[in-house]
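Next come the structures, one after another.
Common to both upcoming complexes is chain A, partnered first by chain B, then by chain C.
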Partner chain A sequence: MLYDLVIIGAGLAGFSSALVAVERGKKTVILARGLGNLYSSSGYIDLLGYYPATERKPLLSLLEGLNRLIDEKPAHPYSLVGTDMIKDAFSSFLSISEVMGLPYGGSTYKNVIMPTAVGSLVPTTLFPKTAERDVFEAEKIVVAGIRELIDFFPAYTAGNLEIALERKIDFYWVNIGINVHRELNSYDIALALEEKEIRDRLLKQLKPISKGSLLLIPAVLGVKRWKEVISHMEEELECKVLEIPTFPPSVMGYRLAETLLNYLKSKGVEIITGYSVDYFKGDKDVEEVAITMSNGRLKKFKGKSYILATGGILGEGLQVYPQEIKETIFSLPVISPEPPSREDFFNLEGQPFSSTGVFVNNSLQPLDRTGKVIFNNLFVSGATLGGYDPFLEKSGNGVALSTGYKAALMALKG
Partner chain B sequence: MDKGFNHNLDHCLKCSICHTQCPVISFYLSFPGPKQLGPELERLRLARGEKEFSEIDNVLSYCMNCKRCDIACPHGVKPSYYNLKNKVNMKVGPSEKFRNWILAHNVWWGKMASIIPGFSNFALHFPLIKFGMGVIGIANRNLPAYNKQKFKLKTEEKTKKALYYPGCFATFNEPAIIQSTINILESCGYQVKLAPVDCCGTPMLTNALFNETREIAGKNTALFLKYIEKGYKIVTTCSSCGLSLKQEYGDILLNEEAKILASHVWDLFELLEEEESLPFTKDKEKIDKAFYHVPCHLKAQGTGIPAAKILKEFSVKELIVEDSYCCGIAGTYGFKKEKHNLSLQIGSSLFKAIKESSPSLVITDCGTCKVQIFDGTGISVKHPALLLNEYLN
Partner chain C sequence: MNNKFQVIVIGGGATGTGILRDLSLRGLSCLLLEQNDFATGTSGRFHGLLHSGARYVVKDPHSAKECISENKLLKEIASDCIEDTGGIFIATGKDDPSYIDKWLKGCTSAGIDTKEISPSELIKEEPYITKDIFKAYLVPDAAVDGFTLASANVLSAKKAGAIARTYTKVVGFKIEKGSVKGLFLRDHRGKEEELRCDFVINAGGPWTGEIASLAGQIINISPDKGVLVIFNHRIAGKVLNRLRPPGDGDIFVPHGSVTVFGTTSKPAERPDDIEATKEEVLDLINQGEDLVPGLKEMRFIRAFAGVRPLYEPGGKGSGREATREFTLINHEETGLKGFISVVGGKLTTFRLMAKATVDLVVKKLSIDKPCITHKEPLSAPFPWKRLSVEEPLCQCERVTKEMLDKAVEGKERFSLGDIRRLTRLAMGPCQGTFCTFRATGYYHEKKKLQVIEANKLLKDHIQERWKGTRPVLWGWQAQETELMRGIYLGLLNLDRL
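Now for the complex of A and B:
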């Protein structure tokens, strides 16, 4: 079988490419070692949070900053994609998100400011529509923590938010009466709150304090039935609710990742996870790739084009060795800044290894050290790319979405 | 178990993606899930010495061994491996132990019951027997009926050789799957032999009979290797038998022989996918709409879903392919009294998806998935080989 597109990697970059492919009715397969780190993400899609990155002031007029970045950093993935195509990628995602049943809001014109679990304020670009809530406009803000949930402390969140917003913020602990003799994470609580009986316990305790407020609560309001849970809460409590993304397992990341995965499957994309691509054949073009299945035998996949979206160091698309960093599948040359790290971990200039990655041309084809294209039918996207620091800029999901989009357009052009 | 063999234990970042993929947690919140039971506790167990008993290990009996955690992990950790291995440490009461032992040895009961299937099937509905099963902790649910059949096999020598290992369900409950598979393989030009091998050991492994499984795995591997040396491919049609030969034997035996066996095992449809032309007709009328439930153990093999393409091409107009759900029965799990309800709850999302798409037929490779889906939906369920047999040229 010949696929139009073989995508390696099941993160936002790979899914973004697959969305383009299914829209054009192309036969697509996704091969991935496992489910992507998108599951652990906040569910927000940041285009560019800070620029210049050293200025720790959220970038509000987004396009201005983006254009400046493109002027100043020609090797940055955004410069290779270009403003118009970035806008296309974002607006295309916004409309598909409606179809998928997890509508997103926001636009590429401006960032919005969202509160975090530690009570800081961060810029983001696209967000689930249920998070369309403004902390600056709210008359009254209340932070609620759930006793059974690990890793969320409302006093801490409220305290830091008071400083950031320069206003009084109340906090409350509530108890939802689950006693299962084990640590419960956000996913567990979100499952539990899909049950009306447990939800009612939460509502009863929040009712006296939340009327007319903006209620900040960790993102645990339903795994699959979030729509029902959130609207039930807002109605009953007569307030607005804003979920705050939590530590992994992050329910907001889970909702986005599962929605994309199920949508792509329903559109006929084959998805095989659990086994990594560890073989390829091809000289100027990639002829085939293969995964090693459970029994150690290779299963080969032939495609007209291939997309490499295996992630960066965290996603293990790039593997760190004592002396070097390598791209794991095609051994593509990786360019990493010297020295790779700074002693002060939280240095405002960022850590140079964050911008390590594969270098590509305007079509996102990988380049060798002399600037020549290595494989004509291979396109690289997402965190595997070098030339940007997703942590410092807050641009990780934005780069994934837009380079995934462009990679697919380039791959399907031929 | 070899201490050096750790299945990437230290690659676990505690990202909990596996936790979100566990079908048990959704309906049984007390279950700590694959991350905690697997890599997290394994570190503790290694530090404390593996023989040391931890209270929490008792909950391992709730792990279905669906392996959804394994294939979800982005870092190559296999939580199910630790769960299987550590089940031996569970403190189980004598009656539960006895019940588990009975369920784990379904091959013996199958052998006896299928001698006179009519009598056995009648007896299984007999109230006193039902009561007795209840007493020892077997759920009051439909057991698959026993059947017997003589198989027709061609004997001429061919260069393409397949040793077909049907497994217990097809052998004792649905022998028609065996004849269908023989027909399909022979039409593809294979010389087919039936493997003289009993149970693969999976029911024992999931019921904490680790040493017995290792013994069986060793014995079976030696038998299979004799045929592999003669040029036979080992073919399976049961997803769980397939996975045990392909993966679990290697985890248990840790030897070269298991690796050789694994690499020579093919799911029937994986093999058909390699054929240049298939022996099925396009002239026969296709079924309008069918729902293909991909068993967890087929998904875990990493083969993709080769049967789906073949079914779409020859026998089903609209095929809904779903690999998102676990049916919840997990072999012997759903036959246990205390887990029966949980098992049906876990399957409820699948039942709902099936009913919503209102197919005339459900297709699945796994025998116990079939039992569960029929119980949950009342819609008839068929093995893909049975269906494709009707479309042979």
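Now for the complex of A and C:
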């Protein structure tokens, strides 16, 4: 079978390309070694939180900052995509999110400010509509922690938020009354809270403290049935609820990743996970790629075009060796970070090894060290690209979404 | 607080804390001063091998004898601090076979039990090691936790009435008519103080020379740097040694959920030259490949270095040539009464060094009290092996809330590094990615910390863990670092907090 598009990687970048392909009715397959880090992400889609990355104040008028970045940093993935296409990618995602049943809010014009689990504030661009809550406008803010969850400390969160928002913030501990003799993570608790009986125990404790407030609670309010859980809580407690993204496993990231995965499957995209692409053939064009099945046999996939969206160092699209960094599937040349790291972990200049990636042109095609295109029908997206530090500038999911979008447009053009 | 003591000990490593314990068990009023936390110098920066002595039998038979008798004794009285793993000496096809005979004879005359194990049996037991085994012998090596040992010494000493102060630096000696009469010190808040005493014992390890110079005395210490790498699993169940003359990269010691591998020997510039470089790590790992093939591909979680305070009275010999025996310097011989420095030696024989030192002190003070440190149990203040495993906050090393509570008892000031040395918090494969946040959140509420203090606790510890990661920033550890950046910078925006 000949696919229109073979996508390698099941993170937001790969999914974003697949959404474009589906829209155009193209035959698409996604090959991935595992499900992407989207499952551990906050579920927010940051376009650009800070610019320059060393800035301590969040970027509020987003387009102004984005245009400055495109002017000043020609190698940044956003400069390769361009403002107009970034806006298209974001608005296209917003409308698809409604169709998928996980509606997102926000716009590319401005960032919003969200509280984090440590109680700091962080800018983001798109967010699930259930998180459309404003910590600055709320009359009263209450932070609740769940005893069984070991990754959230309401006193600490409230303490930092008090400083950040310059107001008094109360905190409470509640529990869901589960004792299974092992530590529970946010996913476990989110599943448990889909049970009305368990939820009622929580509501009983929250009722006397939350009326009329904005209740900040770790993101554990349902894995699949979040809509029902959150609206039930808001009605019952007569308050607004805002979930705070947690340490991995992240329920908000899980909701986004699962929703995308199921939507793409329902639209006929084949998704094969659990095997890494460990073979390819091709000279000027990629002719085919293959995965090794459990029985040891190669299963080959031929496509008109290919998209490489395997992630960066974290996603294992790039592998770091003592003397070099390699791209794992096609051995594409990678920018050598010099120096690889800086002494201060928190240095706002970033850790150079973290913003490494493969060399590409404006069409996102991989280049060799002389600047020549290596494969005409291969396009690179997401964290496999270099030239940006997603964690410092808060741009990870935004880069994934917009480069995935452009890569698909380029790949399907021919 | 009392400001007059019979003896003040400077240095909170194994030697200094061992001396404090010996002094107090003989009934002397004594105080220990440590500039950082206990065991933050050489005693906390080595491979953690409780030597059987087999490593020294050929070149240094006297040390070997001391090692084996202390090894046996400590296993009995200090079992909290020791994991009795046993050890193996392996001669590979690359090693000189004629050394084996000399080594076996040495073991016999030192009284170290050896038992030959066949290559096939050994490979079955330790599947990661080389198949190129010529001969292999079991010896009574063990793993010792230097942090726990130092705090066990302190606990034992405190029970006998001693006082120990951390984060307190000696800044000067009070000398009258050629005798030491006291010390000037500065605590972590910068507050200065004067204490009186009859005797000062300098057990400063790599800092011994600097301390002696405060009293106008000269001691030439050659600081010698040893680089070590930590792997994220137990490569072997037993300590692995190479059966050849001691060299670089020939010791693997299992600790908790990890393995410590070392070491190198190179002159250091300063007593605090504790950073390992990428090049040193790569060299070391190349050496280790002979014993554990595929070592390069295994996961390193951090690298660090320790400084051995080598002392050669004649000023000659350095690195592996220098003796591992210890020396007592009685400064009376160079015109200053009431001051002794103890230099050289190794952790396994810390108790003997303490005994010899205190024997000399009681003689000078005309006190007739024998050493009893070999009879008294040496229990960890923090017997983690005996605590419940409910509610672990650090899942790699099973550190519980109960352990975190105990670790800060009576402490007004602490860093997560102090807690780590006591509990193994963040010493496992994730290197604190998850538990640093948990421990901070927990202590913030429990110890009623200011939020700013808690943030500092969190950031300092992340930074501290990063220091050891930088020289091994490739493979899985590069990936783990990205996860750490993703969580602490991306998710929590901690860089701007």
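FYI, the second predicted complex is superposed on the first by the 414 of 414 C-alpha atoms of A that agree within 3 Å, B and C clash if a C-alpha of one lies under 4 Å from a C-alpha of the other, contacts with A are read in each partner's own complex, and residues count from 1 in each chain.
The definition used in the following text is that a contact is a pair of C-beta atoms (placed from the backbone, for glycine too) under 8 Å apart; a residue touches a chain by one contact, two chains touch by 3 or more.
All values derive from a computational prediction rather than experimental measurement.
Undergrad: Looking at the combined model built on chain A, do chain B and chain C fit side by side or clash?
TA: Superposition result for chain B and chain C: fit.
Undergrad: Is A:I178 contacted by the first partner chain B, the second partner chain C, both or neither?
TA: Once the two structures are laid over each other on A, A:I178 reaches chain B alone.
Undergrad: On the A-aligned overlay, A:P390 touches which partner chain: chain B = first, chain C = second, or both, or neither?
TA: After superposing on A, A:P390 lies in contact with chain C but is clear of chain B.
Undergrad: Let me test your reading of the model: by the given contact rule, A:D368 touches which partner, first (chain B), second (chain C), both or neither?
TA: The answer is neither, since A:D368 touches no partner chain.
Undergrad: Just chain B (first), just chain C (second), both, or neither: which does A:D134 touch?
TA: Touch partners of A:D134: none, neither chain B nor chain C.
Undergrad: Check the residue A:F345 against both partner chains and state whether it touches chain B (first), chain C (second), both, or neither.
TA: second
Undergrad: Looking at the overlay, what does A:I163 touch: chain B (first), chain C (second), both, or neither?
TA: second
Undergrad: For A:E316, select first, second, both or neither according to whether it touches chain B, chain C, the two together, or no partner.
TA: both
Undergrad: Looking at the superposed set of three chains, what is the minimum CA distance between chain B and chain C in Å?
TA: Result, nearest C-alpha distance in the overlay: 6 Å.
Undergrad: Overlap the chain B and chain C contact sets on chain A and report the shared residues.
TA: 37, 40, 181, 183, 248, 316
Undergrad: What residues on chain B touch chain A, complex-wise?
TA: Per the touch definition, chain B meets chain A at residues 14-17, 19-21, 25-26, 29-30, 32, 36, 70-76, 243, 245-247, 250, 259, 262-263, 265, 300-305, 309, 323-324.
Undergrad: Taking the touch rule as given, give the residues of chain A at its contact with chain C in the complex, in rising order.
TA: Residues in contact with chain C: 37, 40, 42, 50, 56, 116-122, 150-153, 155-156, 159-160, 162-163, 181, 183, 245, 247-248, 312-314, 316, 319-322, 340-341, 343-346, 348, 351, 353-354, 390-392, 394, 396.
Undergrad: In the complex formed with chain B, which residues of chain A make contact?
TA: So the residues of chain A touching chain B come out as 1, 29, 32-37, 39-40, 178, 180-185, 187-188, 191-192, 223, 248-249, 254, 262, 265, 270, 272-276, 291, 293-297, 299, 315-316.
Undergrad: Report the residues of chain C in contact with chain A in the complex, numbered from low to high.
TA: For this pair, the touching residues of chain C are 278, 282, 390-393, 395, 434, 437-438, 440-442, 444-445, 451, 454-455, 458-459, 462-463, 466-467, 470, 473-475, 478-479, 481-483, 485-497.
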